[in-house]
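Each of the next two complexes has chain A plus one more chain, namely chain B in the first and chain C in the second.
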Partner chain A sequence: MADLEVRNVTVSYKKQIGIKAASLQANAGEIIGFIGADGAGKSSLMHAIAGVIRFEGEISYFSEVYHSPAEAEKIKPYMGLMPQGIGLVLYETLTVDEHLSFFAHIRNLRQDAAFKAYRQKLLHMAGLSDFTDRQAGKLSGGMMQKLSLICTLLHRPKLLILDEPTTGVDPLSRLELWEILDTIRKEEGTIILVSTAYMQEAAKMDRVLLFDEGEILARGRVSELIDSVRAYTYEEGACIGKDNAESGCLSFDKRSYSLDTLAAAHAEPTLEALFFVNALRKKRILPKIEIEARESTLEIPETVMEAKGLTKNFGDFTANDHIDMRLGSGEIVGLLGANGAGKTTFMKMLLGLYPIDEGELKLLGKSIKSSEDRQVLKAKIGYVSQHFALYKDMTVRENLIYFANMHRIPLSTALKRIERYARELGFDAYMEHLPGELPLGINQRFSVAAALLHEPVILFLDEPTSGVDTIARAQFWEMLHRLKATWGISILITTHYMSEAEYCDRVVLMRQGKKIADNTVKALYAKHPQARNFEDIFLSYYRSEA
Partner chain B sequence: MKLSVIKAYMLKEFTELFRSKLIIMVYVMPSMIMLLFGYGIRMDVTHARTLIIDNDHSHFSRMLTAKFEHSKYFNAKLTQISEAEALHRIKQAKADIIVIIPSSFEKRILHGQHSEIGVFVDGAFPNRGMTMESYVQGVILDTAQSVGRSLGRQSGMISINSRNLFNQAMRDADAIVPGLIGLVLFVAPAILSALMIVKEKERGTIFNFYASPLGRGEFLAAKLIPGFLLHSLNIFILFLWATELFGVPFRGSFMLYWFAAEIYILISLSIGMLVSVITRKQVVAVVLTIIITIIPGFLYSGILMPISSMAGESYIEAHLFPVMYFNHIIYDCFLSGTGLASAKTVEYLGILIVYAALLLALGSMFLKKELK
Partner chain C sequence: MSHIFWVVFGKEILSFLRSIGLVAAVLYSFTADIYIAGEGIQITPRNVKIGYVDDTGGGISQKILSRLHRPEFLAPQRFKSHEALSRAIFDKEILVGILFDQDFEKDFRRGKKAQLNLLLDATAASQSFTTLGYLQNIVMDFSKPHFPVVIKSHKLFNENADNHSFMALTEMLSVITLLIVILTAVVFVREKEEGTWDIMLLMPVDPRVIILAKSLSQVMIVMAGVILALGFVIFGAFDTPMNGSFWTFMLLTFFYSFSSAGIGLFVAAVSKSTMQVAQLSIVIMMPLIFLSGAWTPIYAMHPVLQFLSFFSPLRYYIEGSESIFFRGTAFVDLLPYFGGVLILGILLYWYGFRKIGKLF
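For the complex of A and B:
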């Protein structure tokens, strides 16, 4: 019998099923990865195992058997849960040090010399030794996640449950989190269950479970799972001519996927292939995207936007330190950097949401100085914020009409445009739904539609793909490339998925408020011949300058 | 229940309360309600703007006018305007009362004939109108007696010798301020305890409770004790406002007041805890707590009308909420001072204790250590 056994666990909510009849086994020292789209049931199963939600079925951990949260009380001293959400379990006004004492106390740990040494070690591993007096609310996202993790590790749990600990965290912090986990499991023999949206991470786990619509579809070692989809994975370009959902062929990240046999060479699949093959099997593909030219004709100059020495201070903290950036016409620029590097601040300055403390900003050759200028600026830019600023109580159509009104677009024009975008971006079937009822991928599309209503020349996207599943991300990028081709629009985008950087024409890398690199993806690869993927390039910049 | 665990959790609560500045609300809100309502509710009428049209210009009519002029309840002004013009003044809200003395007023009285004085009162606010009317009647009755005496008649046919018990001065503050303490101590602790629990639900930190061996009792103790201690200080602050600022007398036992107030705070905290069981957002929790506490706290406090004069549903409702019981004790402490000698006070104190125990038990029963 395995150390942890989950038998036929079902979690149901008022209206839907979270996870249906799931079983799994795990042994001490194992890391089990949970992968799957948003709402696939990963969190539900984790909550059931952690004993924080009611469930049907049986879970046994060594000799303890439990069927409900009340019965699970007896394993809680050995268990650690880190729920999903950046800094979710932290108290904003408490310092790092106070967090550690608080967690030690509520777990009733004896604070002897051995404990103090362990605590020091954790702080050191998390790179938080110098920040013990800082309040949690003032830490960057990556630091918050590391603090949450060491707070969860403080009582040396033997069963560690981590729900997307790395989502929204930059590659460097992600790597550091993994190093901590690996050390802990080796030293303590902990069972670790971890869900992740990053397939490179999933590839490092001992075993992986693929979740979809409340079920565990596939499970096994990474190599076994990859073998199972090898037959459907082809070289990039195999789909050409029939590249879309109806034809049963999908492409993303240098590979193409099809259930039919294609006359093309096979490629080495990654775990992402699981999602594509599953989607093709279930014929669950988001509608395709067709984009026509914009209505207004516009002479777009070579340089659309130019920033020179832009600086933003918050008190004595410099969020952006003399940053130069040029955005050419029809160019997609990726803005990358760790949490707290100043990406969002920079974008907000370009948008005219923050006044510029120092430096010059030119839009279409004109300098932006007064607040009237900033008004003009806003009219030329479409912006999709980090969490899609949609109104949850209005339908998709009402949301779009509202955004059109905000831009003072005549109603007749607006209605026509809304219909057109809905058709072209493939969400016309969802017009009367509330955003909360729709998949994230559809919300993402109609957020972009809302940002395009006033036919801007520039589109700003702040982490539009965080938390969106692989396939929706693939189609999102396809949409951006089509927009660029037919509209000649310039796009500035931030993302934490390093594989997405490769879809950009140029990449700007930021670190601690400064620009540390600005080059085409090709040139960056040429500079770093040893890099296997873009993540390696990102990390080499961060490490060399650290 | 481990004391060290509760202590650590409470320390965290206090740190958060101070750093998030919520502590300001804990002390500013109760005093603010007390001052706003204490000064804002005025039932008695003073300085009613009174126009007197004297068509008689006699000794008696001047006597009547003088009585009005010497009363603190009226700002009397003798005018020569017409009746229509005077009524117009009331319409313009430039006067509250018109008193019209007819032309042959003295002559008719001397002849022992019936005489009528015209009185018009602004009745836009019924309560105020009725009060003013009775004041005017009082003045006229008083004058009539003086007139009777001056005519040498043995007029003492009827004389009213009234004395108000408990609130001899008939001061508004005495009637309202103790009730306000009952209102404030019902509303403020409930909001605080609801906020302290729901905040953890909204932020997600509630997982620290769900996923750790921390017991429900320990969690509740850590959440309720800080609110209890902080608001205990308010019992004294509010007492000082009442006695020092509003000059309300205190005739009863301070120990009784203190003890009853502590029990009452416990009830309020438990109500907040019950609200936090069914809400997930801080905003909703605050609004719901305010609705649940402030309406009964005000209506059934005895500020607006005495419970004994309520009938039917309102009488039952008044007995369902703890406000009434506490207010009985508190008015007793301030105004009459009978204390535990009164069987009713003892009974009501007992009811409050049962209330607190019941609500605490309900709260800890419904508070589940799991996600919904």
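For the complex of A and C:
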């Protein structure tokens, strides 16, 4: 019998199922990875194992068996749980040192020489030895996560449950977090369950569980999983003419997937392939995304946006430090960086939601000096905010009609356009639903539709793919590319997924409010021939700057 | 421009009707809350618990006690000693204690000044002091002073000396104040909370239209609530007289709502969450309500507070409304009240409008 056994665990909430009949085994010293989109069931299963929510089924940890949070009390001394969200377990006004003392006290640890040595070692591993006097609120996102992790490790848990510890954290801190985990499991023989939104991190795990819609889709070593879909993965273009789940063929990111044998060369699959093959198996029909030409015709200048030395200060803190940037017509520029790098602040400054402290901004050939300058341009700019903010108490249709009205689009035109977008972007089945009831991927496309109603020239997208599942993300990028092709629209998009850089024409890397790179994707690859993926390129910039 | 205005207005009304919690809170405030305030307040004594110690052997003492009867008083309870009665008052079993000592009857019969000792629980001040008044009347009756004056009172404006309708009306005016402030602030702050604020700012629409439409929509919701409250509670349950013009009152309410909406705009400008709106609204509104004369007559306040009360729009609104309801004052004579509400209203709304406008 394995050290940790989860048998048929189901977690259900009021309206939906969190995770359905999930089982897993893990042994001391193993790192088990949970991979999947938001709402796929990763957190539900983690919380059930941690004994903090009610569940059906049985979990055993060595000889202890539990079926409920109350019965799980007895294993709590051996367990460490780090919930999702950066710095959630920390107290902003306590220093690093005070945090460690606090967690030692509430865990009732004997503070002897051995403890002090272990504590020193943790601080050293986290690279926080020099920052013991700094308040948690003044640490960077990466440091906060490392501090959260060592606070969770202080009582030497034998079962460590980490819910997305690396999401939104900069790549260097992410590597360090993984190094800490690797050391701990070797030295302490800890079972580590860790979830992640980054497919690339799967390589660091002993075994991987892929989650999709409350089910565990596949499990095993990464190499085994990739082997299992090798037969269905083809070179790009194999699907031409039948690019739809109905015909059993899907394409994305230089690869095509089909259950039938195709007369095309095979390609090396990635973990993402599992989600596409699953969609094909389940005959999940993906709406075909097509975009018609815009109704209005207009002259678009060569450079739609040009920023010179844009600076934004919040008190002593410089969120954006003299950033230059250009957005050409029909260009997709990716603004990449970790949480807190200043991406959103920069975008809000471009939009006029924050006043510009220093620097010059030209939009569509017009120098922006006052809010009056912007008023005219509002009709030419589309914006999708973080978390797809729309009116929650109005249906999709009502929301769209409201937005069309605000843009003074005549009602008959607006209704036609709404119908067309709903069809083209594949959310026509959800028109009478409230935004809160929609899957994240649908919400994402519907938010973009709302931002496109007035046929803008520039589209600003703030973290539109965060937490969205692989397939919805693939569709989203396809939609952006089609928009660019048929409308000639310029897109500025922020993301913390480095892998998405591949789909942009040009990327701007940001770190702690500064621009550290600005180049086309091709040029960046040419500059870093040894890089396997964009993550490596970003890391090399991080290292040289640090 | 007017098209956008009605689009925003309609959207806010729709949003309001879809938030069940908010609709329930507004309905409760305009019906049950006002009813409870009107029904619950008791100034005349009712069911007062009386205890007594009688060391006289009966006679005059029993004659006095026999006059204390329902519904004002429960049957007086006899105690053996002063100490027992004191303890019962301490334990809140008795509100008023009467001590007939040995000399009481003797002195009375001899025509000397007889002393009747009373113990009053002054925490229930109005009830026990009114009871005191009753007892003084009873004693006066007994002594029959040869003083040929009879008081004949004529109750004006509120012939039944009915406190219920008066309290209910005051409560309704307070509810209007609080709700319009909170509702107006919430329609703005909810956009901040849900992240739609930025999207609203990026619409090619004059922000003044949005602010006006949003605040007017909430004023209209409150006006609808006022009509409900008047129909079901003020006229329905309490049968309050309406001696003046109904429409004059509605017009005054409409103007007053705008002055409160101005306070709401200010609250919205400085709050980040609905929670903050609730806290801040209470902090700002309470002094305005205290100073308005809703709970204490203005002439009974400290002169400094009396002066400050000039700046509470609720003061003019309450005085104006009472004049309309009970006195049936003509429109011309209401002009000072309209003036007070309008001047303060324009100032407050202008200030709030500018404050929130800066965020656009």
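Remarks
Following the convention adopted for this analysis, the second predicted complex is superposed on the first by the 499 of 546 C-alpha atoms of A that agree within 3 Å, B and C clash if a C-alpha of one lies under 4 Å from a C-alpha of the other, contacts with A are read in each partner's own complex, and residues count from 1 in each chain.
Just so it is clear, contacts are C-beta pairs under 8 Å (C-beta built on N, C-alpha and C of every residue); 3 or more make two chains touch, one makes a residue touch a chain.
What you see is a predicted model, and the numbers here were worked out from it, not measured in a lab.
Superposition of the two structures on chain A shows chain C clashing with chain B.
After overlaying the two complexes on the shared chain, residue contacts for A:Y383 are found with chain C alone; chain B is out of touch.
When the shared chain is aligned, no partner comes close enough to touch A:E295: not chain B, not chain C.
Comparing chain C and chain B on the residues of chain A they touch gives the larger count to B.
Contact with neither chain B nor chain C is seen for A:E268 once the two complexes are overlaid on the shared chain. Of the two partner chains placed around the shared chain by superposition, neither chain B nor chain C is touched by A:E64.
Within the superposed three-chain model, A:L351 lies in touch with chain C and out of touch with chain B [touch as defined at top]. Contacts of A:Y91 after superposition on the shared chain: chain B is touched, whereas chain C is not. Look at A:K392: by the touch rule set out above, it reaches chain C but stays clear of chain B.
Once chain A of one complex is fitted onto chain A of the other, the partner contacts of A:M406 are limited to chain C, with no touch recorded for chain B.
Mapped onto the common chain A, chain C and chain B collide along 152-160, the only clashing stretch among 26-34, 62-70 or 152-160. Residue ranges on chain B touching chain A, taken from their complex, read 2, 4-5, 7-9, 11-12, 15-16, 19-20, 203-205, 207-208, 210-214, 368-371. Interface residues of chain C, counted against chain A in their complex, comprise 3-4, 7, 11, 14-15, 18-19, 194-196, 198-199, 201-205. Chain A meets chain B in the complex at residues 47, 50-54, 69-70, 73, 76-77, 79-81, 83, 85, 88-94, 98, 101-103, 105-108, 135.
Contact residues of chain A toward chain C in the complex are 348, 351-353, 375, 378-379, 381, 383, 385-387, 389-394, 398, 402-403, 405-408.
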